[in-house]
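Several structures are given next for inspection.
Consider the two complexes below, in which chain A is the common component and chain B and chain C are the respective partners.
Coming up: the complex of A and B.
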């Protein structure tokens, strides 16, 4: 028999603190009900955890009790991150008008799943998503835009990329499961075809039987790393292709705005190099018949990949697999985009919408967010030609004011899109 | 003389006709023009938007309305922003004042101006709307509404509700856009008070000590 350890007491206190925090957050004003729904769910999760811990018998062994405490700690650590996203999602700095169109898009892409959306802001400079929501929050999608850009309507196309991750990793119906065998076979072929180099760089020249590549645990561990990296890279490219498919040129512009020339000197090997990624996006755009600028790829700098010899070989095999397999992703986009329509369905509407926006009138009739944001980008890219006869005379301030007006026009256009959709759905 | 229902229905942009910078009168979302014709009224109803601002009572000793030269104080320092979704509400308590916007974004041509007034059915319930009622030719954006509850009971403001009406008038000889600071805003703002040289002169000491 053992008395309750201090750790149990501490864990109960920590769970009570989390519940107090959730209760406080529940007192907030919520711009969208999904955030409150997520908090309600987490309140139930932590209340259950607390009840479990408080009802533990003091007669349990120390190890068993500490095991329960560990479970509680792990849950607190894991879900604290999501609590942060939930509270930031109700920050008035965000452009709440972007929520509805992104949620509609999520529903279209993920049909028949009824996704709940948490649109938030993040303090790292990259759009962010949790492709697989935690088991405690099933059906929730978390997307975060960089805090300083969370009002920027022109970046809405990047949400399609983030939703692409959810499609790729969906349990049962995800793209990943379909595509993994092709990646594996490609990597194995690459290892066989580059065997001399692989032996030298990865296995220090040791005599390893090439025919045992698929059975030898040591070699599996090596090519497995290449396969994992290629999977991650191809996932990113698939998500980019989804973005290009749905949002057309505006996806390329938004990506370029946020990332070019690069956000760091070193490359994350889980992503293709930025230049390669830009090249792949251009390929997808051309495949879909979407015009791109000639210098799109040139705007991205090559990044350094300083790695040991073995890691370099592993990454290069992954890069080669990505290079070979990326064209096949077009078929996967065709198969997995759900009910989301391609940009090309609506592209003829862009000109009229641009004229409307140029004349300071929000988009009034379109059923496509892609039309609105593409028209917005056309104005943004020729900002100096947009004559608004403003009172301001300072050129720099005029540019800032034009961007403010354009952003307000786009966000109002999104709101009108929502207004019309709501009326249409519940028309009497 | 205000435009009639038929004239309004004719002038309001249908979202299809080509836009003419000086002549197009746009309201977006576009009101139901057939309903307007049928109603035979001489005004257009406008709906309440989703953004609101209230004064930050906890940080204000007073609001300056005269000495404005070089004023760098922005809306955020004086006011607190609020947002209510379409199927939600904002409660305006008795004696409380809030600024909101119309849901409609308006773009006035050079030959039309407007006057905003409240709706009598709302006024009878204590809701007073808009005291700075004029809309100049060339105005573009959502109209900021000053809302005050002078009644005895709290009023629930639902975004999307028909909150006010605008009467449209011809401007004789109108040829250009009014020079205004309010261009293309979707959110309510305080705006800057125009510089007043006479007021500045009046504020100076007349007799030397």
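Coming up: the complex of A and C.
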């Protein structure tokens, strides 16, 4: 047994620093109560951690005390990311008009308990931030748009992808728990059917009996990596399918706008290749009877990842499992979309809404955010045909001005949507 | 998998109770029982009609293998050896009216701390590989 080590003293100091930061943040003003609720929760989490550490008996062994210090460090490391998002969620850079429609969508897809929303702007150019909400913040959904695009109303469909992650991973009723056994079985079949190659590429010629595939820890470690990658890839496709299901063509346009042809990095093996992903989205769109452009898939080009032989085999097995299993995700979307209605329910309203927006009147007669944003995309994709009789003669400047006006109209339409929803709620 | 941090905390509390017990202080045996139950539920070890670790998520097996590999005195290369090792840890914890010997307590404590580290490392991987960074060990360029 030992007296308290310096590490414990340092961890207590670090926890106090985090708590001081949270207290400072809590003095700020927040546009939505969810951010404050998250900070309150984190304050409790870190206070509990601090109390735990300060009340530890000095009679504990050094390794046990260091275990508690590690625990505190991990909480700080993990939750610091989310503190950053909470700070940025209150920045005026965000389009606060987008908050309510996304929150409504979250309530429709999940239970109200699961629908506390943090919407922020981020300093990396990726629409896909923090798919994993920490267990310390149950029910909170973190969505971040790239800072330069955080005012872009046409990107609201991408929020559905993020909500898809919550559906996939939610405890008890999540898609992951349902689907993981199928992924595991598929990967095992692929390893058995490609055993000669696997032995050479993955096991360095080591003699391993095929019958020990599920019991030898080294082989489990190998196919386990393929299974994990396939799980991640299929999760991404599921989230894309949710986006297509709810937002129809506007999801495809938003994804293409933000990502195509690629963002320059080589492919992450935790995602399907961009072209494969586009192919899967097109498949879902066709399944739902949503029109897509013929060249949608061709717009994506990505640097392939160069890998050592063993990793190549592991990734190829994951890719093959994904290719085999992705059609089954349609059934899972049908089963898990909650109260959110498919885009096709409202498809016929888009034309009228587009006409309204073209006449500079915010949409006021629809119950669907998907209708508003699809009408917006129709105008955006035929911008030159939108006659606004502007005095400006420079074609470039006219386009910029039209897009600004379109964005303002969409944001205003979101406000009208919010107003209508709130009125309806109070009327019942 | 159960809440990772909850389980991680239970591992630490187990080590804490064992320290107290070994130091002749008052300890809470229910913590050890809870830890045994949680391990049993997570791995299948000690459950009736279950072949431990088979049909489980390979990532779960990996966490157990990592923790067991760190503290076992012999090589653990397959599920059978891992199950045997885990039975030796879990068995005494979930047996009714059983008081653990000092050696058993020391073994459980070593495992609980290794298990805590393995769980947290696994959890952080889940956060680091979010879509924003797209970082992964496979990317080469």
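To be clear about the criterion, the second predicted complex is superposed on the first by the 375 of 428 C-alpha atoms of A that agree within 3 Å, B and C clash if a C-alpha of one lies under 4 Å from a C-alpha of the other, contacts with A are read in each partner's own complex, and residues count from 1 in each chain.
The rule is simple: a residue touches a chain if its C-beta (ideal position, glycine included) is under 8 Å from a C-beta of that chain, and two chains touch if they have at least 3 such contacts.
Here the structure is a predicted model, which means the values were calculated and not measured.
**Student:** In the overlaid three-chain picture, which partner chain does A:227 touch, first (chain B) or second (chain C), both, or neither?
**Tutor:** Touch status of A:227: second partner only.
**Student:** Once the two complexes are aligned on chain A, which partner has more residues of chain A within touching range, chain B or chain C?
**Tutor:** When the residues of chain A touched by each partner are counted, C comes out ahead.
**Student:** I'd like to know which partner A:20 touches here: chain B for first, chain C for second, both or neither.
**Tutor:** neither
**Student:** After superposition on the shared chain, which partner residues are touched by A:180: those of chain B (first), chain C (second), both, or neither?
**Tutor:** After superposing on A, A:180 lies in contact with chain C but is clear of chain B.
**Student:** Which of the two partners, first being chain B and second being chain C, lies in contact with A:415: first, second, both, or neither?
**Tutor:** After superposing on A, A:415 lies in contact with chain B but is clear of chain C.
**Student:** For A:62, is the partner it touches chain B (first), chain C (second), both, or none of the two (neither)?
**Tutor:** A:62: touches no partner chain.
**Student:** When the two structures are overlaid on chain A, which partner does A:382 contact: first (chain B), second (chain C), both, or neither?
**Tutor:** So A:382 meets neither chain B nor chain C here.
**Student:** For the complex, give me every residue of chain A touching chain B.
**Tutor:** 29, 31-33, 92, 96, 355-356, 359-365, 388-391, 401, 404-405, 408-409, 411-412, 415-416, 418-420, 422
**Student:** Residue numbers of chain C touching chain A in their complex, please.
**Tutor:** For chain C paired with chain A, touching residues are 3-6, 8-9, 11-12, 15-16, 19-20, 23, 25, 54-55, 57-59, 61-62, 65, 76-80, 82, 109, 113, 116-117, 120, 123-124, 126-127, 129-134, 136, 138-141.
**Student:** Which of the residues in chain A come into contact with chain C in the complex?
**Tutor:** 1, 56-57, 59-61, 63-64, 67-68, 70-71, 74-75, 77-78, 81, 122, 124, 126, 128-132, 134-136, 144, 180-181, 184, 212, 214-218, 220-221, 223-224, 227-228, 232, 236, 265-266, 268-271, 303, 305-307, 311, 315
**Student:** State the interface residues of chain B toward chain A in the complex, per the touch definition above.
**Tutor:** By the definition above, chain B touches chain A via 13, 15-16, 18-19, 21, 24, 26, 28-30, 50, 81-83, 85-86, 103, 105, 107, 140-142, 160, 177, 179-181, 183-187.
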